[in-house]
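Once you scroll down, you'll see the structures, which are given as structure tokens.
Shared between the two complexes below is subunit A, which has subunit B as its partner in the first and subunit C in the second.
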Partner chain A sequence: MSVNLDHIIRVSPRNGQPIVDDVSLTVADGSFTALVGPSGAGKTSLLRIIAGLDPHQGGQVSIDGARVDNLAARERNIGFVFQHYALFAHMSVADNIGFGLSIRPRRTRPTRAEIASRVAELLDLMQLPGVGGRYPHQLSGGQRQRVALARALATGPRLLLLDEPFGALDPLVRRQIRGWLRDLHERLGLTTILVTHDRQEATELADTIALMRHGRIVQAGTARQLEESPASPFVMEFTGDVIRIPGRVEHGLFIADMPDIHAFATTGADGRADVLIRPSDIRLLPERGGAMAWLRQTRGMLGTYDFTTSVGIQGLRFETVVPDGAAPIVVNCALDISAGRIARDDAWIQPVAVTATAVPALRT
Partner chain B sequence: MTALRLLSGRFAWPRRRDALPGFGIGLGLTLLWLGVLVILPLTALMVRPWSGGIHDGARAVASAMRDGRMLAALRVSFCSALIAALADLVPGLLLAWALVRSDIPGRRVIDMLVELPFALPTAVVGITMATLYAANGWIGAPLARMGLRVAYTQTGIVIALMFIGLPFVVRTVAPVLRNLPRDVEEAAEVLGASRAQVVGRVILPALYPALVTAFGMAFARGIGEYGSVIFIAGNQPFHTEIAPLLIIIRLQEYDTRGATLIGVVLVVLSLLSLAAISVLRRCLSHAQA
Partner chain C sequence: MTRFMFASIVYLLVAIMIIPPPVLVFVMALSHGVGTMLATFADPDALSAIRLTVLVTAATVVINTGFGVMAAWTLSQFRFPGRGLLIVLVELPLSVSPVVGGLIWLLVFGTQGWWGKVLEQWGYPIMFAPPGMVLATLFVTFPYVTRTLMPMLAHNGREAEEAAVMLGAGLWQVLWHVTLPGARLALVSGVLLTTARAMGEFGAVSVVSGHIPGLTETMPLHIETLYNGYQTVAAFTMAALLALMAITVVIARNIVERRHARMGIAA
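Up next, the complex of A and B:
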């Protein structure tokens, strides 16, 4: 089932601040979408609006083209997995999973035997054999999470919403469940929306990533799109390691504040600016400047450099490709950062500097 | 020397350090206190009827068992306490709910007032209630016109006990309700449960152990309650005379043994009731460690 969010607005009932600020997003049928962003970005709020757990003050939510704004949460037939599982502590695992079926009105309620077989089927799907008679407090975190998922799937929902489902699990279990969830999604083909603050988790699981900040979607696309053409410095910093090098644009050149960094051509207007660059894109240029780079450790093709400039005690530490035949200590070197992007006030001042040519470093 | 080390090795305290400083001494003092203040008097009470020899005691017990007035008083006490404790559960739960979940104005004041029955001298409560519910009182008069008599009947006793027992229910249920995670309710809602189903199948079952505890406390208090009851009860032998009052009456008649026997029966029955409640609570909460 596809989900369409059209200019959704939700303001905090406490202080009137916008929590979700004019968000529009389309989630394709059968896709796995991740809402990613730092805490307080409005990801969970958006998910709760889709589920009908929180009201919204503007815009509309449609599922499969039909508006659902006026439907209560219980009428939407959506599966929701809560961050802290929210299992019913006084019910056995089987009763937890069968709850959604057992509360249906008499004429649509499956028989006891049908519910039991559905529960058994789901326990099997979740790889939880033989825990049906146990109580939630007797299970491990990973097991509880899968019971919560089974409970959400029991009623055959048209949409599955996951609110930071791995937040409370240890890293190893987290990785296992992640892979297993991806398999499950491929098997069931159920449209799924996942909320997480972990970009790696989002990259591994989702086809589409919607990056949120301050209640807005900053950029939506595949993990590769976000990484390769980030819409803003925030997206770039969120999607991978970034080194920020302050400097200025002057007469069509970016000049770093640090010496021994080669200036490169840009089309931006003059003024203060930062270069944001992935460390692996930094190039070390031996015999082209006055700085010293000290190779602290290597990892395959990559090495961690401590870069110290000739003037003052300014330094950078970054991990990048080790040039062929490089000595552990490179003297008289400079840095080429022309593969980076130039940012000013949280926005790019120009598109990618593809054809920038390195010019000799200007001593300041 | 070796033997000493062996001994100290065998009887050494567990190595694990407890967070509470001076736990050993504290526990010892507590047990001593419990012994002197609770177990010793109770034992004395139990032993007292047999002070004149086994035969003498047995005869006294046998005659007491045929004492209709005593049995009637015990029945009045237990039945009233039972009904009052059960009847307290509904308003107690509602009050706890209102205090925890709603933002009604004056919530804090109500929260404070809940404890008032603990603080008031029970005689004040009893006299006030008797005045209110008397046939010419503020509440009693309209009720009397409808043909309902409250003061000087068992209904009056139950109402007095309800007043005394209500704080137990509110104070026991409110914290459990407050700690009940909201997402559990939301989970039920998303799964298609109506408000009634959420309350009936998710919230109430989670509160059952607390409700049983609350019932037990209100019930136990109700059995022993004296001051607030005697003014509204009318104290007619065989009808509205409660067991604690009969103890006083027996004492005033210099029938110490009779008074003691009622005390013994009260203690035994109370212990049995509390044990039953404890078992019930454990059954209900086995799923929630």
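Up next, the complex of A and C:
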């Protein structure tokens, strides 16, 4: 089932501030989409609007081309998995999973035996054999999460919504469940929308990532698209490690505030600006300046440098690829940026990465 | 050391304030022997009082459980203007003297009141009759179910209810299958508290009953009548029975709580 969000707006009932601010998004049939972003970005609110749990003040939600705005949550036939599982504590695992079927009106309700066999089937699918008779408090966090998922799948929903489903699990269980969930999605082909604040989780699970901030979708696309052509400095910082160096644009050159950083050409307008660099795009050039770099620590290929300029107090710490046998202290060096993006405030001055050409170091 | 000191102070207080009255009640009831005590129950007025107490309590518990659940659910489920005021109003009977509560009913349904005369002419007297006594008891015990249920509902939160909605449950199905079972300890506790309070209610009921022996006397009222008539043994026998009933309810409440704790419903 495809989901189409068209200019969705939701304002906070308490202070009238927008929580979801004009969001449009299309989720393709059978896809796995992740809503990612820092907390308070409106991801969960958007998910709850799709589910019908929260009202929205503008725009429309369509599922498979049909508007569902006037459909109550219970009539939408959407599976929802909550962050804290929301299992019914007073019911056995089997009763939890069978709940959605057992409350149907008599006409459409399966028989008790049919429900039992469906529950057994789902427990099997979730790799939870034999726990049907137990109660939620007797299960581990990972097991509870899978029971919650089985319960959501029991009624044969057309869409699955997951709200930070791994938030309360320890990292090891988290990784296991992640891989397992991806497998499950591939097997069932169920359109799935996941909310998470963890970009790695999103990258690992989803085909499409919609990055949210301040109630808006900043950029939507594949993980690769987001990483290779980030729409804003925020996207670049969210999708990977970034070194941000303040400076200014002058006469077609970006000049860092710190000395001993090579300037490079840009087409941006003059004024204050920052350059954002991936750690792999930075290099130390010995004997080319007056700065000192101290290799603080190494982890395999990566090392953390403390870069101190000739002025002395200005410093920069960055992590980058370190060649074998690198000296622990590099004196009289300069910093060369091979590629970076120049930003002013929260927007690019130049939307594409700048590749530095050989511009002589500016000594100030 | 401090711990023991505080514990002994509490024990001392309990020994002085809580233990002697019921013990004394039983002692007085038995002061002329078991035979004299049991003779109390030969009096048809006494039996009528017991019957009426059970009746009024049962009616009150049923009605106030229904109202209490509705009030607690509405107040914790929805945010609406005047919600704070409604909470204060629900709690009002706790702070208003029961006698005042009784007088209010008298004002509304008494012969001087708004509808009293009409209802009496139609043959449905409210005042000085069991219906009025139920009304008075309802007023006094109104807050208990709501006030014990509300914190539990708040603690349980909305997630389980929302999960049920997403699975296709309607409003009543959510209430019946998820909300109430999730808060059943609080509900049972509130019901038993209402029961205990309803059985022992004196002030409000006294105002509206008219003290007609054999007709409109509950056990507490009958005890007063007996005591004022110098029937000490009978009075204390009734009192002992009432105390026994109350203690049973309190013990029942404890058992429920303990069983609940053992099942570990924290999950």
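Note that in this section the second predicted complex is superposed on the first by the 352 of 364 C-alpha atoms of A that agree within 3 Å, B and C clash if a C-alpha of one lies under 4 Å from a C-alpha of the other, contacts with A are read in each partner's own complex, and residues count from 1 in each chain.
Heads up, the rule we're going with is that contacts are C-beta pairs under 8 Å (C-beta built on N, C-alpha and C of every residue); 3 or more make two chains touch, one makes a residue touch a chain.
In this text, all values refer to a predicted model and were calculated from it rather than measured experimentally.
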Fit or clash between subunit C and subunit B when superposed on subunit A: clash
Touching partner for A:299 - first (subunit B), second (subunit C), both, neither: neither
Touched partner set for A:137, first subunit B, second subunit C, both or neither: both
Touching partner for A:151 - first (subunit B), second (subunit C), both, neither: both
Those residues of subunit A which subunit B touches in one complex and subunit C touches in the other: 51, 53, 73-75, 77-80, 82, 84, 86-91, 99-100, 103-104, 135, 137, 148, 151-152, 154-155
Subunit B-facing residues of subunit A, complex: 51-53, 72-80, 82-84, 86-92, 99-100, 103-104, 135, 137, 148, 151-152, 154-155
Residue ranges of subunit C touching subunit A (in the complex, touch as defined): 79, 159-160, 162-170, 173, 177-178, 181-182, 184, 264-267
Residue ranges of subunit B in contact with subunit A within the complex: 181, 183-184, 186-194, 197, 201-202, 205-206, 208, 287-289
Subunit A to subunit C touching residues, read off their complex: 13, 51, 53, 73-75, 77-80, 82, 84, 86-91, 99-100, 103-104, 135-138, 148, 151-152, 154-155
